[in-house]
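To keep things simple, chains are lettered A, B and C as they appear, and every chain counts its residues starting from 1.
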Amino acid sequence: MVDARFFPSAGSLTLAEIAALTGASIAGSAEAGKAFSSVAPLEQAGIGDISFFDNIKYLDAFCQSKAGACFVRPKFVSRAPAGMALLVTEEPYFAFAQTSTKLYPAPAWEPGISPHAHIAPSARIGAGVRVDTGAVIGEDVVIGDGCRVGANTVVDARVELGEGCQIGANCTLSHCILGKRVMLHRGVHIGQDGFGFAPSKQGVIKVPQLGRVLVGNDVEIGSGTCIDRGAGPDTTIGHHTKIDNLVQIGHNVQIGNYVFIAAQTGIAGSSTVGDGAMLGGQVGISGHLAIGAGVKLVAQSGVMHDLAAGGTFGGSPAVPARDWHRQTVALGLIIKKKPDAQ
Amino acid sequence: MVDARFFPSAGSLTLAEIAALTGASIAGSAEAGKAFSSVAPLEQAGIGDISFFDNIKYLDAFCQSKAGACFVRPKFVSRAPAGMALLVTEEPYFAFAQTSTKLYPAPAWEPGISPHAHIAPSARIGAGVRVDTGAVIGEDVVIGDGCRVGANTVVDARVELGEGCQIGANCTLSHCILGKRVMLHRGVHIGQDGFGFAPSKQGVIKVPQLGRVLVGNDVEIGSGTCIDRGAGPDTTIGHHTKIDNLVQIGHNVQIGNYVFIAAQTGIAGSSTVGDGAMLGGQVGISGHLAIGAGVKLVAQSGVMHDLAAGGTFGGSPAVPARDWHRQTVALGLIIKKKPDAQ
Amino acid sequence: MVDARFFPSAGSLTLAEIAALTGASIAGSAEAGKAFSSVAPLEQAGIGDISFFDNIKYLDAFCQSKAGACFVRPKFVSRAPAGMALLVTEEPYFAFAQTSTKLYPAPAWEPGISPHAHIAPSARIGAGVRVDTGAVIGEDVVIGDGCRVGANTVVDARVELGEGCQIGANCTLSHCILGKRVMLHRGVHIGQDGFGFAPSKQGVIKVPQLGRVLVGNDVEIGSGTCIDRGAGPDTTIGHHTKIDNLVQIGHNVQIGNYVFIAAQTGIAGSSTVGDGAMLGGQVGISGHLAIGAGVKLVAQSGVMHDLAAGGTFGGSPAVPARDWHRQTVALGLIIKKKPDAQ
C-alpha cells in the first residue's frame, strides 16, 4: 500500500530477520524464511505486507485483516485470522517502527550548496552539508557537518547548528544555538522577539529581548511552531524533546529532556516543564509556572498553578485528572436532576 | 466603498440583471433599469451601492442604511428605509455573493514561468500555468493546466496538482496529491511527517511516516494551516471541504466532503470527520475518533468520544449542545446559591 | 550573561545616569559613579550586571541575587542582599526596560536593496529602505522611508507601508495598508481572503472578500499570526496594539488602540475589541461580538456574548472572572461531597 513514488522500499526482510531485529517471536502460520518488503495498516494490508495491532480499538480490523504478517501482543495471538504470520511482542508498535525504518530508511540526499542559495562569506559550512535553493545564510553562521537547510529558509547572523541538523523549507532562525540532529519541519520560527512590553503610567515600551534559544540534541519541532528567544534568560529545549505543529513557546521557557508536546499547545513566558512530561494538544500553560517531571496533561488543559511531578491533570483550570473526570460526571448528574433548569 | 486599487469593478448590473442572476424579486423604490457597479456593507453603503441584510443583529443598520439597493428577506421588506431599492429573496447573503462575484470577479493573472522560479527538468508543467518568483518545483512534480504557484513556495518531488489549483506564496508541499481547483492560501504546509513516535523500554524511536495527503476537488485551505501526511494510511480531505487558518490536521485523519473547519481547530491522528460536518474555531478532536456526518461543533469544543451523525455538541469534554447549555446554566445557579462558597 | 555575539552592548551607564534616565532613586551600597554595561535576570546576574525585581514569585531569587545593581520597589528595599546597589522605583520593570534599551539598542542595519530582491518597476521605494534577499515586491507597492523588508517576504501589488516599518522574513502581505513603525515578525500573513462562504439550497459559493487590512502606527505582530482582509468592511488594527504569535484575526474584525493579544488567540469575523483590552493566550471570541474597552480576558476564555467595558472575564463560555472563580470552587466542592459519583 505504500506509494513507491514517495517511499521506495530499500529491500526485503525475512520473518527470521525481522524477529532478530525486533526481538519478536514467530508464531502462527509462519515460515521463517518468508520475505516481506512492504508495510501497511491492518485494513489495507495484503498478503505481502507486514502490519501491527497495538490499540484495542482496532481489534475488529485485526481479526479481519489480510496482512501476511503482523506484530501482536501475546494475549491477542488467539484472535488472529487464519493464515497470518504472527510476530509476537509486548511492544508491537515499537517493533513495527523498527521494521519500517529498516525497510524504508529516510531518503538519502546529496550534499551540495545550491547555486541559488545565498551564503554570507563569513559563514562556516561543515562537510557534507546541503543548502537548498533560495536559502539565506547570514554572517558568521556555523553549520555543522551533515546538516541540511531547506529551500527559502532564512538563518540569521551567528546562529549555530550542530552536526546532522535537518532544517525544513521556509523556516526562519535567529539568536539560537541548535544541538546535534535537530529536525525542524517546514515553517518553523525560532529566535524572534518574545512578547515583552513594560507598562507604566507614561505608556508602554518594548523590552529588549536579550536571550537566545538553546535547543538540545535529537529534538524535533513541527511545522509552524514558534519558539521565542529569551528576554534575559535563554529559552531552552532539552534533549530528545519532540514538539508537534503550531506550538507556541514563549520567552524564557525551559523545557526538559524527553518531553512530548502535541499540536497547538502554548507555553507562556518563564514557565518550566520537567523531564518526560507529556502535553496533549491545545494545552495552555500560563506564565511563571513550574510543571514537574513526568506530568501528563490532557488535551485542552489550562494550567494556572504549579503542578507536582508525576501527576496527570485535565480541565481548565487544570486539576488532577481524577477530579476532572468526577467534575464531568457531576455536571452530567446536575442537569439530569434539574431537567427544567433552562 | 470598495477600494478600486485592490478590487477594480468589472462593470455594472441593472436591478433587472441582478434579479435575473439571483432569482430575487424587485420591490421598494426600484427602477429595474437602474445600474449598480459596487457593493458595500449596510453601514458604509451609499446611493450607488448594493448591500445585503441577513443577520438580525444588523437590523438597526439596515433601517438606517443609505444603500441604493439591498438584498433582504421578505419578512423585513416593511422595515426598509425609504428610497432603498429592494431585492427580495430568502437567501440574501447567497444572492449578494453571486452579485459580488459578477461585479468583482477574481483578478485575472497572466500565465508564465518566472525567470526567477526554480523548476526541476523532470517536472511536468501544464498549459496556462503561472509559477512566481522564487518558487521551487522538485523532480517529477506534475502541475495541471491552469495552476498558479505563488512566490517562494516549495513543491517537493513527485507532488501532483490537478488542474486549476491556486497555491499561495510561501507554502510548502510534499508527499501529496491535490485534486482540481484546490486553493491554498499563504504559508500552508502539507505533507510533512506526522507526529509519530513509538515508546519502548529501550527508548523512543521515530516512526517512518509512509502515507500521503490526498486532497479532493474544490478544497480551500487557509493560511498557516498544517496537514501532516499519513503514517501508513493516507491523510485525506474530501471534495468541497473548506478549512480556515492555522488549523492542524494530524496524520491519517480522514475528512469527508463539504466539511467546514474554522480557524485554529485541531484534529488529532487517525480521527475521521463525516461529510457536511461543521467545526467551530479552536475545536479539538482527540485521536482515533469517529465524528459522524453533519455533526456541528461549537467553538472550543473538546471531543473525546465518537459523536453520532447529525448532532450538535459543545463543551470540553464535548456533550450534546443542549446538555452543555444546561450545564452552563446550572453552574450559574450553583454560585448564586452559595455566595460565600469562595 | 548577555551573549555579546547576538547583543553587543552599546557602552555603559553610571548609576547616576541610570537614575536620571529612569527616575529611580539610588539606595543601598551604591556609588553613583559606578558604571554598568550589562543586564541579567536575578538568578544569573553577577556583580557587573543590572537586574530587576518586579514579581513577588521571585522574592527568593532577589534575596539571593548577586546582581551588582537592581531596580526594586520601595517596599522591598529592606530585603535586598548586602552589597547590592538599589535603584528604587515604583515601576522596576519599566525602568529596567528603559535601561536595557539604552545599553542594547536595536541593532543597526544598512539600507540597501539586495541584488537578489525582486522589485516591480512601478513600486515606489522610500529613502533609507532595506530589502533583503529573495523578497518580492509587487507592482505599485509603496514602501515608506526607513522601512526594512526581510528575506523571502512577498509583498503583493499596491500594498502600502508607512515609514519605519520592519517586516520580518518569510511574511506575505496583500490588500493592506500599514501605518508607521509597524513591526511584523517572521511568517506573518496579512490580507488573505477571509473565510467567507454563502450557503444556499443550490450549494455553497465563495464570497468575494472586497475589504482591506488597515494597520495603525506602532503596531507589533508576532510570528505566524494571520490577519484576514475584510469581506466588505476593512479589518482594522488600532495604533500601538501588540499581537503575539499564531493569533488569528478574522475578516472585518476591528481592534482598537493599545490592545494586547497573547499567543494563539482567535477573533472570529466582524467582532470588535475596544481600546486597551487585554486578551490572554488561546482566547476565542465568536463572530459579530462587541468587546468593550479595557476588557481583560483570562487565558483560554471563550467569548460568546458581548462584554461590557472594563470587566474581567474568564471561562468558556466566558463569565465575569469572579463568577468563573466561584464556579471553579463550586465544582471542587461538588466532587468532595460525592466521592462515589464516579
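Everything below uses one rule, namely that a contact is a pair of C-beta atoms (placed from the backbone, for glycine too) under 8 Å apart; a residue touches a chain by one contact, two chains touch by 3 or more.
Computed from a predicted structure; not experimentally measured.
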Across the interface between the identical copies subunit B and subunit C, with over half of residue numbers shared counting as same and under half as different, the residues used are different
Angle of the rotation mapping subunit A onto its copy subunit C, from a C-alpha fit, rounded to a multiple of 5 degrees, please. 120
Per the centroid of Cα atoms for each chain, what is the distance between subunit B and subunit C, given in Å? 27
Where subunit B touches two or more other chains at once, the residues are 134, 152, 170, 187, 224, 246, 264, 282, 316, 331, 334
Under the definition above, what is the set of subunit A residues touching subunit C in their complex? 118, 134, 136, 140, 152, 154, 158, 170-172, 175, 187, 189, 192-193, 195-202, 204-208, 210-212, 224, 226, 228, 231-233, 246, 248, 250, 252, 264, 266, 268, 282, 284, 286, 288, 302, 304, 316-317, 319, 323, 325-327, 329-331, 333-334
In the complex formed with subunit A, which residues of subunit C make contact? 1-3, 5-7, 39-41, 43-44, 55, 57, 91, 93-94, 96-98, 100-101, 104, 106, 116, 132-134, 150-152, 168-170, 185-187, 220, 222-224, 240, 242, 244-246, 258, 260, 262-264, 281-282, 299-300, 316, 328, 331-332, 334-335, 338, 341-342
